[in-house]
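Heads up, there are several structures right after this.
Here subunit A shows up in two complexes: once beside subunit B, once beside subunit C.
The block that comes next holds the complex of A and B.
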């Protein structure tokens, strides 16, 4: 059984002014049990809407979503008991309660009682490194500590599926690295994780597969490596000391996508076919440019190629 | 369907949040020398109106009315605290959790009826003697018992109001103020219920505090226990109806939020 089965998912927001906004336009996605699945996309792409539907906060307009076999429309209770959610940012905890009180409350909400609850809360506080701060009110926590508490809360019911919605947003690099290490530990435990993120490195480091989503559509679902391979046609050639005359020649070669200066005398030529890459290399050698290197695109570059020039911009 | 044991557990844990919130709003000093003094001054103000009118019967009427109305003013604060989850970022987590929303919210704002029980009891026992109402010692536990039930019953009514405020959270204080004013106006605190047109009197009968106040007046008048118990019974019946409506309303609010734009989170 798949942990997550999404078929033909559409979600339309009715607006007081203007036309309805179609946030999701027929998403199909299957996430097997135990997989860490990264969901990448610009602001307004539909990632959070997808998470809200999966977590029963919103109803789909059409299509079906099943979480461990439970339908989000007809078996809401089943979904809720199978799912943990972690939202990014400062909010999402009762700031006036201690870390232990927060977890105790949520454990109670999920029907965990008595000795089992005390043991579970203690284990989670230990696991996320907050055991020594367990009796402090959360309002005084740093963002990184709060996010670790959020992760513990998301795990309190020992869910089969965990949704992490922009979990490291706003964190400093050290806290984000620690948080990723925690998520990495979960991979071995068999928990299925659906993680939305803007951070390509985060997605590449943690995900078994990534889905690129843009304007409510799933652009592709692949492993981070395969996504890179798929656009291997988009090779790039970096060279130093390229005369302006040669740069102009490179720009008009067939298959050359762009020629840009990246500072420090470095010229970057992006191509969309191996033949074009060869032609660029030949032209550089002919111009006696010696400092030439080839590299594969990063996941971020792949992403930018696929969603086009809008990049991280907000949809209108 | 939530079992009574599960409901009690949810209320107990939500009440931990309520207690923590109260600890931020008041220290024991600010509660005692700020909030309580403010309410007692308000009560004395209304009672002096009775003295000014020069009718001893009306003075008794308004002194008791003003004392019991302190519980309405305070329990109605639950309208605001119900909306606090929307600002804390916990709303989305609650809607995605298996919690029974009405039960959670019943525990979430229990600090107000608890505080109201203390303020109203002090107001009812300490101020009236200055206006010619002398309580007998045996009446004190009866009055405190009525106050406890009146605060909880009024809180049940407030829960329904709070469920509306949850949707219109920007207007929560306006909703609270209008509701408080209306309840105080028609429940027999300032003027007898019979003062109002019959349809308004029927609405007044649906308010738990109307019967709580009637029970207090019955104790003051030395009425038989059956009269007091009858008022208390009507109050509890009204409270049960309000709470039932509130539970349904909260569930509807959560369900409807799923169909909209996710506006509750």
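The block that comes next holds the complex of A and C.
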């Protein structure tokens, strides 16, 4: 059985002013049990909407979502008992209560009581590195500590499926490293994880598969290795002192994705095939441009190409 | 049933722990001694020491209602503003039961309010109130507190879809106090108004409270308690259904996380 089955999922927000906003436009995705699945996309792509529908706090407009076989509309009780959720940001805890009291409350919310609750809360505080601060009120915690507490909250019921919505935003590097180690442990324990992130390197490092989402549509779902192959298909040529006439010639060569000026007289030519790179180099040499260098784009730059070069801007 | 009871006990325990650490909790108590002084002064000035119990019961019930209304208004709004409402809704707990449990916990505020009113009347005016029927008094406290929690649970549902309803929250107290006979006995109202006030559980609670402080035997205790229980149960049922309906509407419209 798949941990997560999403079929034809659409979500439309009616707005008081203006046209309705279609946040998800027919998403199809299957995540097998035990997989860590990275969901990447710019702000407003629909990642959080997807997470909210999976966690039953938002109803889909159409389509179906099943979590370990439970439908998110008709069997919310089944979904809720098998799902843990960590929304991003530092909000979500009771600031006047201690870390231990917060976790004890959330354990009770999931019906865990008595000795089992005490043991589980202690284990989780230890696991997220908050055992020594367990009796302090959460209001005095740093953002990173609060996020670690949220992570513990998401794990309190030992869920089969864990949703992590931008879990490392605002975490310091040490906490982020520990978080990644924790995700590795959870993967080892068979937990299915759906994780949204902006950080391609993080997604590639942690995920078994990665989905790119943009404007409510899945652009692709691949393994990090395949995404890595995509990266190697792209190349870029940087050159100084390129005459305008030559820049225009380069722009129309087959396989050239873009020709941009990056300041300081530098021209950057991006290509999507080795033959195109060769043709660009040849054209530059013919134009007697001598200051030429070759490099590969980062994973993030490839991602920006795939989502249409709109970068991290918010959709209107 | 287990889920409902679990939500209730969780909410009750949680609220009691949370109130100890929150200074806001005690705001509802500030008015109790002041109201006692005002009402006692009026009673004594008009030579009606026999109405001293009114001056003690009124601040207690006013604190109870004010605290209930305050918590009902803030509880869900705060959970929403602080990103807790969505994780709660994504969990198996019954939100109406949790809210009702928390509001029952908030009702414990009436106990120190009553003590403050008695001590104020005694120390300032030398009038020490005696509880002549302690069992009836305890039952009146329990029934009134539960019915208050049930009624404000119904009101809390409104705050999910209409955060602006706080204006109602702020203006609802005085009409309720007057109509329920918290300060003036319902029996002194015109007949048509007395009928309306009997729909409010608080009018039954106020009468039972005062009767428990008087030396005369208390009549029809069981019937009056049952009436309060029935009014409270009706309010709770209405509140729970409304809460569930409003939550479904917020899930459909995607307005749960908006503030």
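The rule is short, and it goes like this: the second predicted complex is superposed on the first by the 260 of 316 C-alpha atoms of A that agree within 3 Å, B and C clash if a C-alpha of one lies under 4 Å from a C-alpha of the other, contacts with A are read in each partner's own complex, and residues count from 1 in each chain.
Definition applied: a contact is a pair of C-beta atoms (placed from the backbone, for glycine too) under 8 Å apart; a residue touches a chain by one contact, two chains touch by 3 or more.
This structure is a prediction, so every number in the text was calculated from the model and none was measured.
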Subunit A as common anchor, with subunit B and subunit C clashing or fitting: clash
First, second, both or neither for A:105, with subunit B first and subunit C second: both
Contacts of A:81 with subunit B and subunit C, given as first, second, both or neither: both
Shared subunit A contacts, counted only where both subunit B and subunit C touch the same residue: 13-14, 49, 52, 55-59, 77, 80-81, 83, 85, 87, 89, 91-97, 101, 105-106, 108-111, 137, 153
In the complex with subunit A, residue positions of subunit B that touch it: 6, 9-10, 12-14, 16-17, 20-21, 23-24, 88-90, 92-93, 95-99, 104, 257-262, 265
Interfacial residue positions of subunit A with respect to subunit B in the complex: 13-14, 49, 52, 55-59, 77, 80-81, 83, 85, 87, 89-97, 101, 104-106, 108-111, 113, 137, 153
Residues of subunit A defined as touching subunit C within the complex: 11, 13-14, 49, 52, 55-59, 77, 80-81, 83, 85, 87, 89, 91-97, 101, 105-106, 108-111, 137, 153
Contacting residues of subunit C [partner subunit A, same complex]: 3, 6, 10, 14, 17-18, 21-22, 82-84, 86-93, 98, 248, 251-254, 256
